[in-house]
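Okay, handing you the structure first.
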């Protein structure tokens, strides 16, 4: 009995969060361990389905790193990286697209169905969702190098998401963009999630990562940071490496109207749910001040 | 952290229940301790608001026993009971209606608002919701006695509930009926809840009581009983006294299409939520076989 | 035959009024003799139902004076008045609410049904319709006295009226408000009607009274007065006593967008209908100039 | 004052009729004196507009007799009649159509607008409203004669009326039909009204005539007659001449589901309104028994 | 086979035009040879129905010149012309209205039906579509002469067209207007088309004429002319006679938001279709610059 | 000019076909040369977009043969065939899915966009569109062999197609199915198209092939064959080899309510358009008799 009462209390504790986010759009970048480990995968799908059923509108953008690498390996295709981005020739792009839109996207759709939800997998080509342009490195490391079909988001046409029955389906988006002349681009999933959050006037952007969040100079988690101080963290060297572009994605989203952005630890079970439904967020939140 | 993980698990455990009852109507008879004790009152309102937000459609019918008695006392009006029913003359009926529709009904509406929900209080007169007729005792104890304005449900006109924005408001119903010639009737709240559940094609009827549920011959809780065995419990004398009419209300609802009826212990905190969202129901369920 | 022709002519004379008010909201404060005398009560309900059927949208706010007094008497509760307002302690407030929301409100709902209409009774608690605050007398007679739970309208949340099927139901409102901390307030019905008229962008506010209307210095009925001259009537002492707050209610409504306000004689049969459907208005109209 | 009270009473007396016919379709054949005399014309348009505003759905079918004759005369075209029907050659048909659809139809539309209503004029060609076939006299007087473009209703396609905003416009129909090969037919307006009433599942069919109604053997008005006795009136010779086809139109409509058919005296002012809104119907009603 | 391939190519060549005009309103003034010659009439109706089916919204305004003349002749009524306009006394107006609204309008409706479309014939009286005022010649030839019931468009009330199911019916409009006091006016059909195009925010206005289009000083077709140069053509005398008012109609439409206006040669088979669906427009287009 | 007239005639000749198929669903299996050759690919996309714009509802199911083979080759994976079906182990299935859902599906979506249409690419996993089960060869060649993840359609859940804005998007379906336990199946595209046509109550099923159609014993094209004679063609050996399963797909669709099925020659330019919009169908049609 005691046991059940405990449960009831947890459910009612979630009530204010459910009320606050009712009907709100939340864009989640899905990747890293949460995408690789079976247990975390199921947790994630449960979290998404639960959010959907209690009235939120989750939109998932997935990445694809390791699986792309292993497929390229299988066909004996070598690639090199510039500033962490895979230089993508036409043959590589074909593989990247097949893995992202044909394999990972549909796997995630199926995973959501297996937990009782309904999902629809989209690539940036469907309904012209993501118009892209070639990324050009103007300065710094690798400046002037041709990255091939690595793209940036030129424009988001979110009609295809708004036109579907949003109370029924979870949109699952592969980060593939379409260029002016019909060429296909590989785009960083964090970037796509950030731009989609802005286009959909999302309430939250959540980036699932494999780190604890933003750490301060002493290695302690910064659990909340206003937009105005974010750039300072980069300048002062507290935020470094792969975290910098993530911080920039969050900054861009929040400065364009998304209420909050979160960098959370995808290695923690149900981290998305905890972020949304409890006070115990598991990472760093960036908010407008 | 551990603590939060526990919470996430409880939330995801509720997922199958949320899915199962999504968009379903659940009629709850509210009364007894759950209506009197401050803590239980708040628990109940939280439960209702949570159900509403996660997509269920609760409808509440409240009783009013003790408060009616104390108000009658205050004006020095004595009443007597026949088979547990208050003999109701015109003056008494006026008091009963004022307490039910003017005091308790509006208090409950306000309580639901205080927990973040939206409610609308109705009596059986609003939109002719409950048409009533005089109850006549044909046989047994008190046969032939004039009970005054004690009524039975003649017809439920549930349009007023169907016409309102059911995704926004929780209907809260006072068990007052309207006779053919405009006279007001006092009707047992269990009866009203049962008939309303049938009219709204509800998925569940839940009667909150101050007992553990139906007990078997050895005083042990019967947690589940098929419709076909219900009458036997009465005949064999296992169900007695005030439980008999409650059992009959359940039986009538289930035999007319309500999927399940529950007699639960309102003295347990969050008993409604436990009943709906966990396996650990706190009482007896009656189901069609 | 002649007789019938006469009828046809009356019906067609109403045509321009029906056209003018089609789809318009009209808020009516109901009280006084029209609420007490059986014949006038039926007339009033007929008028409301007729208005509804020919395409207008009447909203009724009722008062409750004498019935509250007699109920308080019955329980031996004495009350005193300050500037015509009943000083209302908690016990009194309970009685006031029960009489207004439980008795008079539902009686009126039933009366409208008896004439073939459909009504829904609301108190200011339903859907948080009327948010209230304590009335404080700052100056003049009784300044500084604690009036208890006598309230003013802080805010009107008219969604509950706009959300319902307004072509089907007549909203009937009891003048009870809800305070910030959930406390109940007794509010003057003229005030509630005036504020509701503004919130619903009503075309007309009609106050039923037991006087002929506003009289001039020589005791003659002023049948029409522009907003700009209204205050002068008070200053010059032509409007006195209980008529002053009524005049202020009208003035506030008209200055905030209600097209016309009317103080009419509820002792005249069908006075509401005459006011709306003929040239022969029975009282004083206040209009914006 | 007295005078106004009288008015209010008349208005409320109309209430039960307004309630009964709310949202109901009433098809009215307009012709005879009511179409020729200026006063009656205005009365008729007022009646139609009033019916529309109080929630009924009038549909008007007009005839055209005298105006057709005078126009034919003007162009020196002689015609002859067989059993009261004008033998219609191609040239005559052209004139008939122009007068009906181009002159009388639009005049009536304008008349309704002049009283504050909105109307749309249709001929049987618009949206293929009335499909026609050639009328053939098989027996009796004139059997075998070629009546030219005199037609019968083959089929009614009432979609064009159902598709328009029926709460806004009064459909006004000219009795012109369209044959299989695109030829135009002149059809008796009573027939068109009767068939239209059936197609629109009308509540009432009203035929305006220039007689008092059906008279019995002694010349007294029969105010009400069941369908079953109607044919007997013809057989016994009580109904004769031009009244026979009118009686047949009523009989056909009522036997196919129209609740009541009325043959009323269009020479009486506001006769339509009297028929619908008072007990004092001015003619004969035929009802199903 | 070759033959069919040719067909497929033509169809796909139309694709960009279909895309461009999808859902767009196109107002067409129909008159001249296209209205008189049987083959051209059928072509025109086919063009309209095809446009409708591929998703455009054609609205047709027809003229009536010759038929009006021949009918007036038949009744021996002589008329004279001032600046090309028929001086219209009351008797003439009656004939004009009958021919336009009763004969030509319904013939065209029927013609569209015969090609598989659905049409509804309207005059300017239906739903008060065209409010008119008397035309007064202030200067130039005939200044001060009373033209009788020759009118100008005072106001277009296009609700009747917007309220109908525009995906189903083609509105066919007779150029008859209604004056303030209910009097009927004969209005030039080009003028009506131009004003209707503005009121409906049409994409195109097309005037069918019996000339090749606007010719330059050397008699060569001007296939395209910007609004800014249009007046110059008149001033320089390149546009003369009956073409001047047509050019003014186009000019007025384009300057008030219609994207393009076309003066095309109705003597060419399927000229409307060619104008809309191919590059080979057959006349002069006027566009905003 | 002559040239344009020719065009106008072709367009109007298409009118009856456009009328007949307005709002109708047409399921097209896309494959073979039409999918490989650049010119034919563009033709096909134009045809689809044109059909969409003129009001039809095309749904495309694509195959993938050669591209799957070349990708498998690239990774050095050999496969063998049983009765023309590729034996599909887990690794092969992964490649098949990536090529179908990730590459070909999105290429086709992009192709349709490049012609001005809007498309959305779906696999059988999206919204559980195609539930599959393992195909088992019970008799004949290869009976008892394990084909691996070669599937049959168990159930079509077409809601995802019905829920989308069907007037805006062309659904493009990859023939991948989802098994009960979440396993992925490779299904023959003809089969998927046939079942989808039934589920969507399509008017037509069109199979694009690389042959002329069904040939009779003398090698001449059978342009039309009733359902009842279809099986005879197989029995008599006139239909052989790879044509047999195609004939069976058609037969099944037509016997379950699809009006007509067509086996057409995809090597002919615009063959789909010709089939739908002219009399000159290019292949064999099967119809119910």
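First chain written, first letter: the chains are A, B, C, D, E and F, and each begins at residue 1.
Note that in this section a contact is a pair of C-beta atoms (placed from the backbone, for glycine too) under 8 Å apart; a residue touches a chain by one contact, two chains touch by 3 or more.
None of these values were measured; they are calculated from a predicted model.
Contact with both chain D and chain F is made by E. Listed options B-C, A-F or A-B contain a single repeat of the E-F interface, assigned here to A-B, on the basis that more than half of the contact pairs agree by residue number.
Averaged C-alpha coordinates give centres for chain C and chain E that are 57 Å from one another. One simple way to say how far apart two chains are is to compare their mean CA positions; for chain C and chain D this gives 46 Å. Here the spacing of chain B and chain E, counted between their Cα centres, is 69 Å.
Shared interface positions of chain E, i.e. residues touching 2 or more other chains, are not present.
Beginning with chain D and continuing to chain E, the ring of touching chains reads D, E, F, A, B, C. Residues of chain F that touch chain A in their complex: 71, 74-75, 94, 97-103, 105-106, 109-110, 113-114, 118-123, 125-128, 160, 163-165, 168-169, 176, 178, 182, 184. Interface residues of chain F facing chain E in the complex, by the touch rule stated above, are 1, 3-16, 18-19, 22, 43, 46-47, 49-50, 53-55, 115-116, 268-270, 273-274, 277-278, 280, 282.
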